Structure formats: C-alpha cells, structure tokens
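Here is the structure we will look at, set down as structure tokens.
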C-alpha cells in the first residue's frame, strides 16, 4: 500500500509499505479523508526526535476494512472515525482517569509516534471497540474528521478551564485548536470570551465561533488590554492554545486569583517553561495550571459527533484547502509555510 | 500597648502603640501564645516590601477582649484562635470559593501585611464571627496555636494533592509546613509517603508524623531515588513545601503523568518560576500544578482543632524553643539563623 | 409604605407597614419590577406553615434607597438586583461552599420566609455588598429580574448535572425553572436536550430555549420514550424541575448507570420522596442524586446578568402577563390558576 | 474440577464442572483463599433471581494457572488477587469513569452473577492485565483477600463521602463493609467518626478500626443521639453500609445541609427506597446522595494492598471463622444465620 512517511528529520516521501494486520482487539481502517496538523509538521522537523520510515498523520476517518477476533462493535464496511489518541483502556493511567497517558507519558499518542499513522491506504487501530466511533448518517466525513483532534483538544481546553456559568475566558491564539477552545468556552457557558489573535482571517473565524472580543497582540499589550476589559479583575480562566512560554506567562497574568490556566499548547522547545513569579502570586494565588493531551475514545468521539450532527458547531469553516492523497506533500509545505491563510488542509484518499 | 514592629526593611523593635478598636463586625483579641513563622523573617528582610511601624506576627491564640455590635458568636473572655488568613467572606473571591484571595491576590492575608499583626498586647480581628474559633477545653493554647497556619497550610498541601486512597506521595522539605503536609498526606489516605529532607532532626520528626521513606537530597539525587522507590512510575502526587524553583522542578519530575503537583511553597525571589519542559510532558502530561494560600475561617479552624482534640495529630513536637514576649527579638534571631535545630519558637505573653 | 402580605394560610392583602431600616451591613431597595413565583403561591397555601403579616415576594430589581455604614459597593440611587436567596456569607455553611444553607437548612432563603419579602415599596437586603448586584446599562429591569431566581435555579439544575460535553440530558417539566434548565443544559454543552412537557405553549418555548426533542408525557410513557430516543442507553443526566415524586422516579429511571439526577424541584407534600429501587440499581448504580437551592450572591448575579447582556439568553420570553403593584392580587390569582398560558407574571411598582 | 454452585433459589451443592478456558485477554486463577460475603447468601436466597448451576463466590486470591495470548503482566505461577468486580475497561461506562457499570447497570459484577464465581478449583478472569493485581511478598493471602470487596467497597463509602479534613462522619452498620467504611473515614481525615451498631463484638471492632463514638440504635434513637453529639448541627457526611430504607432515612436525617450521604448498602427488597421529605430539605438542602458499586481494577487493588503492607489497616481482625473448601456449605450456613459472632468466614482451598 502507499504511505506518506517521515524518513529522518526533515525528510518525507510517499512509499510502499505492507498493509498492517490486526491483533484480536484491533481493526484496520481504510481512510477516506484526513487532516494535516501543525504537529505533523513539528514531527517532521524533529520535535519528537528521529524516526525512520514512519507513516505520518493522526486525524482520519474512513471505512473499517478488517477486525480482530475479539472486536464486537465494528464490522467490515462500517464508516468510522478514530481518535488521534488511541489509549490502552486497561492501563494503569486509564484506570486512573488519564487514558491519554496510558503506558507512559503521552503514551496514548501512538499514531505517527509509536507506530505508523493514518496517511496511508490502511491504518491499524488498537483496541478498536473503544477507539473507533461510528459516524452518524447526518455527519459527513469532512465534518467528522475534526473530532479526531481539533474538537477534542480545543474543547478539552475549555472543559478543563472550570469556567463558571457566565464567566470570562481569554483564549490565547486562534489556530484550529484555539478556535475550538473559543467555541468550547461558549459551549461551556462562558459569558464573555476574549480571543487573542493578530491574523485577520483567524480573528474573523474567532468571532464566528463565538468570541465576544478580539485582542490583537500586535496592536496592544494583551495583558493590559484584558485587564482593562475586565475592570482590572482579570478573567476567570485563560486557555493557552499555542505552546509558547510568553503566551503561558500572559495567561497566568490575566487570570484572576482563584482562576484556572488551562493549557492545550505543546511546548516545542527550551529546557524550561517559565511562569511569572509575581503574577502567579508567589505560588499562593490559587491560579492552578492544568494540562491535557487530546482525549480519545469512542464515547468522547461519539459525543463530539453529536454536537456536529445537532448543528452546535460547524468545523468545516476551518478547512481552507483540499488536496488529493498523492499531493499530500504540497499540503505539508503549505502547513509549514502558514501561507495563503491556511488553517486546516484536508486530504482525500 | 506594647507591640513588636518592623520599621523599614531589616529593622524591628518593641514599641508602644494604641490599642486597636473594633468595627461592628470585628473583635479585639488579647494574645496568650503565639508562634514565629519563617515568613515573618522574610517580611522583615523585605519580601513584601517596605513597611513602617507594622506590628509583626500572624499565628496567635488568646482571649477575646472586646467585640463589635454585630458579633454574635463571641463574647469578652472567650478563649479563641484566629487564622493567619482572615478573609472578607462576602468578597467576590470568597463567593467563588477562594476566600484567601478576598479583595485581591493574597488579599485574605491581612496580619503583618495590610494591617498590624498579632505580636502585640491586643490584635484586631476582622469579621470575628467567621474568622475566630472557640478552643475546646481539651486543647491547650500551645496546641491550638498551630491551627492558625502550620496545620492549615500543610494539610492544604495534602488535601489539594488529590491523593488516591493508598496512593504514593512525595513531600519536599520537612520544615513545619512540610511536616504537616507529611502528616496531612497520611490523614488523606496515602499508602506511601516519601519525605525529602537532609536535616536529621527534621527527618526524625518526619518519621514521627508518618513518612514511610526519607530521601536525603544531599546524599542522593531525589528524582532518581524516588523513581527507584516507585519502580520507575513516579508518585501520584508531590507536595512542594519550600518555595524553591529547584524543588518545584523536582516535584514535576517525580510526579507520574496524570498526577498532581501541589504547591504550598512561597517563592521569594526571581522573575520567574521555571518548570522543566520535558518532565512536564511538553505541557500535555496532565500533571496539574495547584497552589494554595493558608485556608482560614472558623469552620476550618474548628475542624483542625478537632483533629488535635481527638489525638490525630500532636503539633507540639514542632515547638523547639520558648520565649517571653519581651524577648521576642531573640526568637526572631533564632528563626533567622535556623540554628540550634529550631523548628518553631513559641512566644508567651 | 404599602406591602402585599400573607396573613394566615390562604389570606393575602395589601397593607400599610413601616419602612425597614438597614443595619450596618444592609441596604434598603426600592423595587421597580418584580416577578411572582409559583412558590409564592405555595407559601400562601401553607407550604412553609403559618405566617402573619409577612410581606410576600423574592424576585425583584430596583433602586438602592439607603445603605448601612459598612456598605462599600452600593450608594443611594444605584440600580440593583437582589437574589431570591440572600446568604450570610460568614456562616458555617457558606464557608463550606453552601451559602444557600447558611444559618440552617434552606437558611439563605429569607425573603417571604424568615423576613418580609420584596412585594412592598421598600425591601431590606442583608449583607448588601455581597447580596446585591449592579445592573449593566445594557440590561433592562424586566430582563434583570429573572436572575433573582429563574436563571439562577434553572441553570443550577444544569450545572449540577455534570453534563459531559456533547452529552444527553432530559429535563422534566418546562415551567420557568425547567425552561431555564433546558437553556442551561445547552449553555453547559449538552449535545441533545430532551424536554418533557405536555402544555403546547411550554413545548414551544422549550424548543426556543434549545430543546432538541419534546416528550409529551400525556401522549407517551416518558421513560420508554427516552430509552427509545437514546437507543436504550438512557441519558447522561436528568433534571427534575417540578418537585413531584413521580417525576423524580422517572428521572432515576431514564438516567444511565454512572449518570446524575439533578434536582431543583421543591417537594411540597408527603412524608417521603420515593426512589424506584431497581431503576436506582439497588443503591449501587452510581446514579447520584444531587440537589440545590437557588444560588445567590453578587458574583452569581453578575455573571447571569452578563449572559443576558451578551445575548446568550432572553428571559423575557417567559413574561406572559404584566400587572401594576396595586393589582398584584390578580397576578396571584392567575399564577394559582395556571390559566391563560401563564408562565411568569411581572409586577411594576 | 470441583465447584460450589447455586442450582435454583435456595439450593447449593458441590459439583463437578469443566475447568474454564481463557480467551486472549483472560487468565485462569487457581484460588488459595476466599471469603464468603453476605451477598453470596442473598444470591442463594434469590436476590438476583434464578440461576442454574452457577458457581458462587467473588472474593478470592490465588495463583495464576494460565494466561491468554494478549496478557502481558501475568504469568503462570504468579500470586494474584482478582477484584470482586471485573470491568471491561474499554466499555462506554468505563470510559466515562464508571467501570463497575461496564456493559450495563452493575455490569462489572460478573462473578457469581453473569458467570461462574471463585468458589471452585479454577476461576476465569476477564481482562486479566487490568483486573488482577500482584500480591506483594509482605502481604499474606489471608490479608490480600480482603481487598477484593471489603476494603474496596467500605473505603469507597468513605471516599465518596467528601469528608472535609477534620470533619464528622456517621457510619451506619458495622458489618465488614461498615467496619471498612469506619476505617476508611479515618484514612480520609475525619476528625470524628460515629459508628452506629448494636452488636457488642462489632462495636468493639468499630472502636479498633477508629470509631470515636458508638451509637447503639437499640438503646437510643440514633438520629437524636447524633444530633446531640454534634450540638444539633448534624454530621458532614453519613455512610449507609447496610442497605435498609430505615437506615438510609436516618443517614439523610443526621447529615447537615450541604453534606453528603454516601451509600454502599445494597437494597434487597421493596419497590422503592424512600427518602424523608422534610429531612431532605424538600429537595433543596444540598444533601447529595451518592452511590457506588465496589471499585475494581489492578490499580485500585494495588493501592489497597499497599495500605495493608504499610500497616495502615489489618483486615484479618474481621476473620472470625475458617473452613476448608470441602466444608464451604457450613460456612454458608453460618453466614446466613449470623450466629457465633460471625463477621467473615474464610475458606481455604
């Protein structure tokens, strides 16, 4: 089968691989539609180290091609979506309520990390009954593919933020995860959502997804501006959706004492991530810093699909470009360049 | 009345002041016994900036000397203890469940910060009905004075750590707050408490308060050692009871993915507090960092007194020295020097 | 001043009373607009026992007429709304996070229960700084008056229901509290809201407030129907917004194991409230039953006002009738009769 | 192999059965020590309906005899304990944090309910990696067998009770689950534990496990007495460890507004379980009623074993009688009769 792989840092290519085989609890999915993630680009650039002949990609929907002997909920031919994170549900971390950390730190992240990803004609899904979800008839593949990571991660940023009903939230960065954090904050009952972003197209989408105020950090100091907007009080919660030390510091600074800083950013470099000491109340201001890795699982995926089906969120506004699988390299180049107003490039198989 | 004041950074003296007057909701407490806190020493050294003629001290028990017109639960002559933190209970932060942050960041901390402290013949207590607690007959003043701050803060470190029943906990630093975090971890159901400390007297007390293992950070690398002790898994929770960037980094490093870092340390210097990026799972390992400022309030104080009364904890093991009020300056010098095995010096009025 | 009072069970009348006086922490509010609540009708019919010459009413906005010496956030002439529940914020229950229970069971409920209510030319507000909220310019009195009770109680029903993002919720009864529970479920991220109601006007409003499905319990068995709608799984949460034993039983029956039954109904009669044993999993199905009394406080009120100001909810759709204060008796009769499609009658002063 | 089975309501016998075979994720355990549970007796008497030739028993430790192809953590010959509840960890309920409800209401309860139990020479364990735990060398089989159900269920009663540090707790009934709830309340930081029990031997054990006060419900009205002991306030939490409607009513009555009623009782009869309306605050006193079915899983079992190993709890005090497997029928008769001061009869294979 054809697979789009990373072969050493900075090197990608289309190659021929053997179709994977399912174990008793697994399934083989034949992708129909996939999305490219900024983290795919980071991976190629070496963020998780060297990898040889590793198939890329972790956001895909498709059709079940084969199932293992113990799989009960899926059969060949079923339309299905698989989470970007595919936990081992019996693991110690999953028993403790942290399935994304199953088998070790970030251990639920298997696609294009511990094993081949989804940019291939066939992809292997571990624990298929728990990691795949059926796609309702009323949801298209192009919509459903957003639940793999963008909705799950962005919404988790909002869910973990402990937003009080009617509370104020600042969401830093309006890439696809930040946009979904903005939407997620609305779905969690925020009374005022302040989106921090400088790119006009992203500002526009942020408004469509529910931001009440836009703070352009290139035009104003976002910390000052957010304090102004909140009469000096600060926000109930801030969401970091970028993975930059500076942005995290701003999150801490704009959050009121007793508020929550919810991180869904991936910090790609540096030895430490530095928290501003005084703004953090010298460690005693009850500004908790909580983090998450994209939640997976059939139940999570099913509920996110229901939100799309019920019209609560239309993720396709984020699809700015489309490519055929054979041209996926172009899609990577676009995602790396961040040019042409790209938010998410969609890939068709 | 006599009061022991700070008058500019580095300067302390006994001086004459006017006895405070209560507003309608307040009381005047006449201290009988007090404790000196490391943070008193920090304050004198400038940690919270310049202060003029500010009475020091925030840990005291005594006798109610006068109450305001609206006070209902206390009368002249009542034995009572007042929390180190005396929130405004109707404030926005208190309504939100963060009374220690009432009126602004760390705003519940009034004694020896926003107003005169308790090292005086009389001390003013705001919102007396909610901030004082009656002392049961079975509890001595010398025991009760520990609930003001040491038990409340140390136990909060354990309570916030979300320790699973039978879980593993590492407590970094076994000063009085750390010792009470160790005891608190036991009272919260920890199955294994690992105390990190190098001073032999403190190691000994840590064992008495329930530590199962002692890690001497001067003899071994505590991160390596704790991973060894936990078969490479890390602990369910780590408690920072010192206020050092290095120790916080160690806490992050020894905590398993999905675990909790609970901070009760006060970070006294530096522009930032730095978190180790990789050990923190590049921001996605679900290692939450939670913080607290000593919880106050009559309900909290009452429950802590009950633990003493019921024999669950004997805080007086931490009282290493005693002084009369007129000699309080000597007590400060001892606390500053950390000599003679000092843990807590008690002051009698 | 004129006041509309209950004088023995079943007896109401307009009468002359002395204007109340504020204590140091209190304020006097001059109502401009009020709402009549079903519970006012229950009170008149004896639900909380005999009362003599007690002013009725607990939902009002108005203008601050006078403040006590310790009040800081309000001045004469301020537009303000007061919660139906006015806690004592320093009480033991409030310190424990249950302000509505301050001073004893349901003790935060003072208006028209422990003291005179708001159906008078002037009303006394205890702890004014914490129990009043300023009304933003963009919110009318006719909108603001809904935050006193209807939004606060209805939304609490949804907030306590622990609705997972995209989860399914059944809301039993679509009176004003139920309608706001329906709206609240949407604001809390529900993916599917099933409203149980038989009155066409209320069904219609339920749809406007966000119900995805309506179950008419007079046409079908609601338990069967909800199981059908959820493929036999049951809902993640059920909200009881009526106060009927039968409805609570249905809530238990339609909630999946591990789900939540959130009660905001007031059970007005009978010695016991009976839970169906088998549907409750013989006490082991992890179907928690949680309850609430309308949350009060300036912070809560302020956040609810923000939701109105931001256009997230328009409560005025529930105002079916209007009366002048002098005709308030007619409003009571209408509310008691439930005729003419009444949902909420508004009273102008 | 020999198995002790129920064959119709009221009928038990020793019989010959085929040794079970493991699927790919399963293991076969050869029991060494088991305990008889009151619920085994209920089962025989028809509590869960008719069963034919069903092997009884759900509390056992033993030696792993065989493992399926996918099992990684266990090998033939390992000493291991299996939980009474053996969830399917990938199920929807488990993903939602309720593994004991996996596959339907109480669906994690498989032994002696959905499949053969452990009173046999060999027992089948589903999802062995997640449902078995290794027994540390420092823990005997006779100790370890208590983590299957008694410690897990009793402690859960305390964990779910949301006991504040130093809070007051009432535990109704001091059978083995109640005794472990008493111990659990102590391990969760309760400042005062009130045990309700009339049998002298159980009262004595309750004291040994940490009860501060004993209330003999045959000598006094427990509701009155507990209100007296708490100065009329009621307790922060009450734990129902019997499964009687009357006891649950008492739990509701003694719990303060805002407190928690934690149920681990199994209600074996009647159409409804009735809650006292007024004591429950007419549904608005914020007295939540939470329930649980014995938590299972290797992580849970491992932490409970650690508490035994560390000497925090000695469960063997509850072992009042011992029997060989061939005499298990006698043990059943004893458990049914509740004679001879029986608490737990242990069975040796």
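Couple of notes before you dig in:
To keep things simple, chains are lettered A, B, C and D as they appear, and every chain counts its residues starting from 1.
Here, a contact is a pair of C-beta atoms (placed from the backbone, for glycine too) under 8 Å apart; a residue touches a chain by one contact, two chains touch by 3 or more.
The structure displayed is predicted, hence computed values, not measured ones.
Path length between subunit A and subunit C in the chain contact graph, taken as the least number of steps between touching chains: 1. More inter-chain C-beta contacts link the pair A-B than the other of A-D and A-B. A straight line joining the Cα centres of subunit A and subunit B is 40 Å long.
Each of the following residues of subunit C touches two or more other chains: 92, 96-97, 164. Taken pairwise by the contact criterion, the protein chains are fully connected, each one touching every other.
The part of subunit B that touches subunit A in the complex is made up of residues 92-93, 96-98, 100-101, 104-107, 164, 233, 240, 243, 248-249, 256-258, 263-277, 280-293. Put simply, subunit B touches subunit D in their complex at residues 155, 159, 164-168, 184, 187-189, 191-192, 212, 302-307, 310, 312.
Interface residues of subunit D, counted against subunit A in their complex, comprise 23-25, 69-70, 89-92, 94-97, 99, 127, 129-131, 297-300.
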